[in-house]
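Once you've had a glance at the structure underneath, I'll fire off some questions.
Labels A, B, C and D are assigned to the chains in the order they are written; within every chain, residues are numbered from 1.
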Amino acid sequence: MDHRFFPSTYYYTFGPHETALRLKPGDRLVTDTVDARGYDCEGNSIPESMRQQSEDTEYYRANPLVGPFYIEDALLGDTLIVKILKIELNRDYAWSKNNSNFGSLTEEGPGKRLLLNQPMEEQYFRWILRPGQNSAVLELKKSRLRRIEIPLHPFLGSIGVAPRYGRVETSLSPGEYGGNMDCVESKEGTTVYLPIFVKGGYLAFGDVHAAQGDGELSGTALETSAEVTLEVDVIKGKAIEWPRFEDKENIMVAGSSRPLMEAYKIAHVEMISWLVSDYSFDREEALQVLTQVGKCRVGNVVDPKYTVVAKFPKKYLP
Amino acid sequence: MDHRFFPSTYYYTFGPHETALRLKPGDRLVTDTVDARGYDCEGNSIPESMRQQSEDTEYYRANPLVGPFYIEDALLGDTLIVKILKIELNRDYAWSKNNSNFGSLTEEGPGKRLLLNQPMEEQYFRWILRPGQNSAVLELKKSRLRRIEIPLHPFLGSIGVAPRYGRVETSLSPGEYGGNMDCVESKEGTTVYLPIFVKGGYLAFGDVHAAQGDGELSGTALETSAEVTLEVDVIKGKAIEWPRFEDKENIMVAGSSRPLMEAYKIAHVEMISWLVSDYSFDREEALQVLTQVGKCRVGNVVDPKYTVVAKFPKKYLP
Amino acid sequence: MDHRFFPSTYYYTFGPHETALRLKPGDRLVTDTVDARGYDCEGNSIPESMRQQSEDTEYYRANPLVGPFYIEDALLGDTLIVKILKIELNRDYAWSKNNSNFGSLTEEGPGKRLLLNQPMEEQYFRWILRPGQNSAVLELKKSRLRRIEIPLHPFLGSIGVAPRYGRVETSLSPGEYGGNMDCVESKEGTTVYLPIFVKGGYLAFGDVHAAQGDGELSGTALETSAEVTLEVDVIKGKAIEWPRFEDKENIMVAGSSRPLMEAYKIAHVEMISWLVSDYSFDREEALQVLTQVGKCRVGNVVDPKYTVVAKFPKKYLP
Amino acid sequence: MDHRFFPSTYYYTFGPHETALRLKPGDRLVTDTVDARGYDCEGNSIPESMRQQSEDTEYYRANPLVGPFYIEDALLGDTLIVKILKIELNRDYAWSKNNSNFGSLTEEGPGKRLLLNQPMEEQYFRWILRPGQNSAVLELKKSRLRRIEIPLHPFLGSIGVAPRYGRVETSLSPGEYGGNMDCVESKEGTTVYLPIFVKGGYLAFGDVHAAQGDGELSGTALETSAEVTLEVDVIKGKAIEWPRFEDKENIMVAGSSRPLMEAYKIAHVEMISWLVSDYSFDREEALQVLTQVGKCRVGNVVDPKYTVVAKFPKKYLP
């Protein structure tokens, strides 16, 4: 069944919130995402009334999420399949910025720890998007290079389910439930596997980036809006510990933690588990082969948890 | 007003859950805590019906919490004061253990990352508690030292409020909301200051330890039950970023994060803020003085976030 | 001038040792390296008399190095250029292994910290090298995949100069002087730039790997011997802080430190410096552009310092 | 035998340099140290000719060291005993400073990684030392507290031997050889145990601090000069992995590494080894007891490696 969904509330947390829409395994969903500050395809801010809010507390107002979508038949211990069929940019610009105290080189910790050093000056950048030419353009004002044109590779910065153990997490943080992984791998054509930690799963997503380098160095990519088409399914009785991706070339695991090295370990240990359970590798031989052919990408090093993607080329699968 | 509270539900998460009891500023509360696995003062397990549960998900079943207590007049941006008037151990033993894959020397990450190394053998220890003599005794079976007797210094392993930004966190994790800090500082006689992130605060606590070394090396202290007496109050219009402690000798900040160094930084930056805002220190001079007289204790290095306590001796306050 | 050099001593440390050969800027050098345990192209161990030794101490006997080569005219504050013209594998096998307590998933720290967990069983693997077909083959004994064949991409695991500040470092450690970076980027066709910290530079290298995945997960790649052809040159009066690489597609910086996140920061801060000093980028615009187009590879996460390579595509240089 | 030694060269590196003096086991040594920038008891800078130098390279000019002292009969695999008999401050002031890009809250990495944030303003502080009253006084100019007086507790910021594996290290870095641990434990009355990695040991020391808080937050303590009296001895055939301290109350291990958590692990694993080998503890029982009675102090978090001291109270030794 196909659904065209128009959000009425954007959430700032991943959790078992009031269901936006119920989806059955096999259903397709088309919907619109807004950018990381809540601006839509026309550059208008979504109204306050459509943002998650409470009289009792405040939310971290980054990455408004579409959803949550309740997946029927999805039980704790199952795996959710999300095929990203299309990410269609629907705006002619993306914004980005250098942050004063956020990002990997300007040091604000996850708990708002500020260094004693003076913050860097914040600076906004407006990238022109040309989906027709598949490129983004930025005019540089102070560099010898006056203008840079780069290819687009849009992806979902955030996609996740309700976290494990009854937790609720902000839309800024990635984790074992997916979330704000900021990984270029969650692009058109990729299948995302997410663990089901709460009955119904409570899928939510948003924060499309038109392009981004490894690690999202400054803390902000090419932030924009898009029309997204997904197809959901469920693998019954199969539990995974961390988000997995699959595209034509690789099977992949996204581990998120701090310090960065933990994310690396998580991703690789889960990859070895995957090779053993699904592809009949011996554990020690999986370690040896992964050591020699594994690829690894630094997803983000700016969010409250950092994300590392371990990749195993499908050509070496039996 | 004095309240003698008997819990009917023990929670495994910190968050704005159904209120157990409403407290007014100035109220006193006497209640019982159970140990980290839910055993009470008679060594009986609390029944399933009294544990937080859901048909839709599972909880991490460590550190059942008493509460949450809704504090009237406590609004976002206020500070909650909790005076720990008494922690009376009410059981004649505490258990502890060496864990297979938990603790600082056997390495399981917060996301259940197992190393490829073989786990250590799990081992339980039963410490005899003698509150009359203020001591705990353990018989050693394989060491030349046959028996060790140590002084008791009971404290609340967990005390916290509902987290910032609408988050809900497990009772295993510490954070900016307090939580499972496992810090010996939250003992009888200490005043704990906690930030209010949600109207009403939602104070919860538990996990009394009869004694513990710095860092909680193996991941488990002398786990036991107690009768706890607290007094609550609210500082209106004063916001703090992280939990603070105060006793006769020191003012203290508990920073929790990973990696460990982040927790150190958080605690010290918040201490400098405190010295500047409440004690009229110049920021640079506060840094210099804290560098020379600051004490620092490693609270825990085993929970999903590590906790470091920065201390400033009150004798150097103006 | 061309030199065919036959080593008489293999060093286990980077430092200003007795010069093996003096090279002039522009000179070419052809020499043989032995594998990480000191086995040569015929599978013979180099004799004890040819290994660095002392009656007074012991050396960490991994990665025997060829050199050191004294580069004439190279002064403190200059930059050494090393063009890797050829790495010709000269043996029909490479060995690798899963380590008991070394590598990223079995945890032995740089100071021989052993976890309390039981070590993993050590396991050797013999890869057949077929330089003619550009492939390596491993028979798997316990996996459904019975045999894996992968392409060769030989590189120098170790290449470096005498360290900064009069230090001497083991051949196991990378640093600001290069060293055991275990980076696939130091391959045939790459130009390596190294800072000169000691007059003469004292270039040394070895530890050729026939292939390796990102991070060198288990701690050991396809270890083998090779004939290596290099050309050296000097940039007078230009100081760099960290090793740089350049190939047809990218300019690159290799930052080495612990924790891993520090290596990421070092590499990216140095890359921004490079873009500013050599390519007239404004610093803030360099940060923004690098955020969107930068690539980043995890070199090694097993050595005493971890290595991260930041990459900037040359097509975006002015 | 007693030696009154007057240094003619101050070293900036730990290593097997030209011997300053040969000592026999049992010998006593009295000598003077200069402060971290090389100022002596009269506030005069030591002349260039007395500083380690080379035409070929530059040294990191912090913490000039007295020594190295060659210890007769000390062989690789033995343990050096250094009893700190006296540290007598011999100057009426100590300097300290807040650093622009050094220290735990202003972030410059060990490889000179600068954040993009603006550095903090450097600020010097002059503390008046009153050894007679055992106090140091600082006038504060911008704080409500106008003047702070603190007790002295002088200690050797740096004490170490030639490193393992033929390495040479700067006087800024601590390690398995001791070095710039900046630990208050190396005070009068403490016995320091150091591993012998090179025949003769090559003991060197300096960088006396008149007082310091935990972690040396800003990167600089109360830097001053002193007359130091030591007694050396050797334990034949006993190898230790890391520096150990012993005073009236505790046995202690100083682990140095990065990240900070590694230093914590190193110190505690070595402490368990010590309890097992010398005090006949069972390994698992040692872990349990250390978990409950262990103290742990953060030595420094500003040097290229951080130092953590694990402590075990002697009253619990058999």
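One rule holds in what follows: contacts are C-beta pairs under 8 Å (C-beta built on N, C-alpha and C of every residue); 3 or more make two chains touch, one makes a residue touch a chain.
Please read these numbers as outputs of a predicted model, since none were measured by experiment.
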Contact-graph separation of chain A and chain D, given in steps at minimum: 1
Chain whose Cα centroid lies at the greatest distance from that of chain B: C
Copy-to-copy rotation for chain C and chain D - C-alpha atoms, rounded to a multiple of 5°: 180
Higher-contact pair (C-beta pairs counted), A-B versus B-C: A-B
Centroid distance [mean C-alpha coordinates] between chain B and chain A, Å: 33
Centroid spacing, where centroids are CA-atom means, of chain B and chain C in whole angstrom: 46
Where chain B touches two or more other chains at once, by residue number: 105, 115-116, 120, 259, 265, 269, 287
Category of the chain touch graph - line, ring, star, complete, other: complete
Touching residues on chain A, where the partner in the complex is chain B: 12-13, 15-16, 52, 54-60, 76, 109-116, 162, 164-170, 175-176, 197-200, 241-242, 255-259, 262, 265-266, 269, 272, 283, 287
Chain B-facing residues of chain D, complex: 96-98, 104-105, 120-121, 123, 125, 127, 136, 138, 140-145, 148, 150, 211-222, 259-261, 264-265, 268-269, 279-282, 284-298, 301, 306, 308, 316-318
Parts of chain D lying in touch with chain A, wherever the complex brings them together: 101, 105-107, 115-120, 259
